[in-house]
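The structure follows.
Every chain is named by a letter (A, B and C) in the order it is written, and numbering of its residues begins at 1.
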Amino acid sequence: MTFFDASLLRSGEYHDWLVQGLLLSLQLLAASFIIALPLGVAIALMRTSTSRVLRGIGATLVEGIRNVPLLAHLLFWYFAFPELLPEPVKMALYDSNPEFICATIALSLYASVHMAEDIRSGIRAVPASQMEAARSLGLGRIASLRMVLLPQAIRIAVPPLLSQTVNLWKDTSVATVIGDSGLFDGVAGDFAGRAAVRAPLPGADLRPRCLNLSTITGCTS
Amino acid sequence: MLELIHDYWLYFLIGQYPNGPLGGLTLTVLLSAAALALAMPLGLLLGVARVSPWRAVRWPTAVLVQLVRAVPLLLVVFWAYFFLPAVTGVKTGQATTMLMTLVLFDAVYLAEIVAAGIRSLPKGQLDGARSLGLSYGQALRLVILPQALRHVSPSLVSQLVATIKATSLGYIIGLSEVSFIATQVNTLVFTKAVEVYIVLALTYFVLCFGLSRLAFLLERRMNRRTVHATKLNSR
Amino acid sequence: MIVLDKVNKWYGQYHALADVTQRVEQNEVVVVCGPSGSGKSTLIRTLNRLEEIDGGSISIGGRDIHARGHDVNALRAGIGFVFQHFNLFPHLTSLENCMLAPVNLKRATKPEAKAYALELLDGVGLAHKADAYPHELSGGQQQRVAIARALAMRPPIMLFDEPTSALDPEMVGEVLQVMRKLAGQGMTMVCVTHEMGFARDVADRVWFMSEGRILEQGRPEDFFTNPTHPRAKQFLADRSGR
């Protein structure tokens, strides 16, 4: 048994799987980020709004999503969510790319609440006098938010948002791994050769998604 | 949902025990607590090293900490479970593997927390201790660390919450922690996916949110003490 | 007892201490005064090696304290230092603050340390606050506990770095009173302070510092009535105009 056979990485089956896995991760990252960031801004605005109701909803969303691990989110959106859909929608979901869609929903929500907290810190870091100045110029609330508060808040929040994006990238690897054996036959273990039970979700070729660099090195033995 | 809970609550709570290894929610909690407790000594050591006055100690520690934090936990879990046995010849069980990786991760995050706590103290504290003739080690042990750890106790609780969430990755190596058990219940029952996973989410929520509130209350209690102290000495 | 010989210190390009040469005899009380940024705090901190020096030497009891291999902890155990911001340990009571060093440096057993600490706290008028935590004390009380803490190690020398500068005016008096008492008992003291009244009454000598140098030194009655150096004259004129 070779310790680390680098030639496996450069071409052949493993190479293709590795590249596919990487591509999938990137796609998930892009899709989730596009949803998570605006959603995060919206939640942050809810939490800092003057309306108690909005603040309550925002806080509930953040605490509810943040205190549940990503894996449990993925399990819910993969397994439970389709059951809640009306029959034709459910079929439409299965016919397209269910793992990708469900993973994106889970990742977006999870990332959005973490981003919301960072943006909220950014908003709080902007002095209140900024909004006062904007309002006293005659700008409405939404315009003041859009043109004065948010640009400054987001600028302050860029470093933590960057690390949240890195976290999101790391989290896509959890999603890609789940997309294989662990999800469907319920026992991940030595999945490198195991065929997955795929009753509810036809048509998806799941194997490439489990491969990333770590599993390569495990597979060479 | 009530029927579901009625039938499976014990399995959810302790897994197959005593007919098998301990699992479920109990495993999740015990694993997290054990990982954090075991990581504490290492975390303290690394944290002190992070703020050491000697560059030869400070820099390698900083590199190590940044390195470990950059690697996704999932990767480390895989390596430890699939790759390490091939190298060392020793195959560790799922719980042991998970524990080892969690201890490593917690130690590194604890190091950052401890370092932040030490840095948050006024420099005069170390000066005061050393001016009495105490050595650096004595000053750390008697003056700096007791205060630093008290200051960061909310962060320590938050790290416990993070560890509880991290145990869910054990699912991927077949560890019978609570997410895995929930999925097994789902496979058995098959028609109640929504209920099963809502119960799972609620379980995590109650546990983690409860602990987070504790951290919040700890922080508030400490801020009150500082405010009281500054009021007494204000100009 | 303390001998400074051509002491020099740089912070990068900034010459913080320049050719400082002075002596402090036993039982002497020296007050160091001068404008802000003149290096007074830096100088006093070199005496117990809270700051290092780049040139010259400082000897205490005949031994070069900045020499390689000189035991820093033993040096500091033999010198009491009182800080501008007290630096009491907030997680310990007044009594525990005073007992910490003697017990952990094996100078006394716990009962001995406790007895002496109570005696010292009584000496500064705070025996009734022995079990109080620093955040329960006023600034003046905290500084008095800090003085007791420094005295608990029975040092032959006491250093004071602007001990009253961080206090509200009404509390300055109580701390100065403790310092006067100490001086009256024959303690060797070096004090950096702006309290000219204290200097006039208690000091044996005054050092006037500016820009890292001791520009003038002499007996307080000479210095305050007839300063010779123009910078000193300016300083005293500014002070009395206040």
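Note that a residue touches a chain if its C-beta (ideal position, glycine included) is under 8 Å from a C-beta of that chain, and two chains touch if they have at least 3 such contacts.
All of these numbers come straight from a predicted model, not from anything done at the bench.
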Counting one step for each move to a touching chain, how far apart are chain A and chain B? 1
Per CA centroids, the chain at the heart of the structure shown is B
Which of the chain pairs holds the record for C-beta pairs in contact? A-B
Maximum centroid distance from chain A, chain identifier (CA atoms): C
CA centroid of chain A to CA centroid of chain B, Å: 23
Chain A to chain C, mean C-alpha position gap in Å, rounds to 60
Per the centroid of Cα atoms for each chain, what is the distance between chain B and chain C, given in Å? 45
Contacting residues of chain C [partner chain B, same complex]: 48, 50, 73-79, 81, 83, 85-91, 100-101, 104-105, 134-139, 142, 149-150, 153, 168
Touching chain C in the complex, chain B uses residues 122, 124-125, 127-135, 138, 142-143, 146-147, 150, 225, 228-229, 232-233, 235
If we count contacts the way the header does, which residues on chain A are in touch with chain B in the complex? 1, 3, 63-64, 66-73, 75-76, 79-80, 83-84, 170, 173-174, 177-178, 182, 186-190, 192, 212-215, 217-218, 221
Contact residues on chain B for chain A in the complex? 72, 74-75, 78-79, 82-83, 86-87, 161, 164-166, 168-169, 171-174, 179-180, 182-184, 186-187, 193-194, 196-198, 200-201, 204-205, 207-209, 212
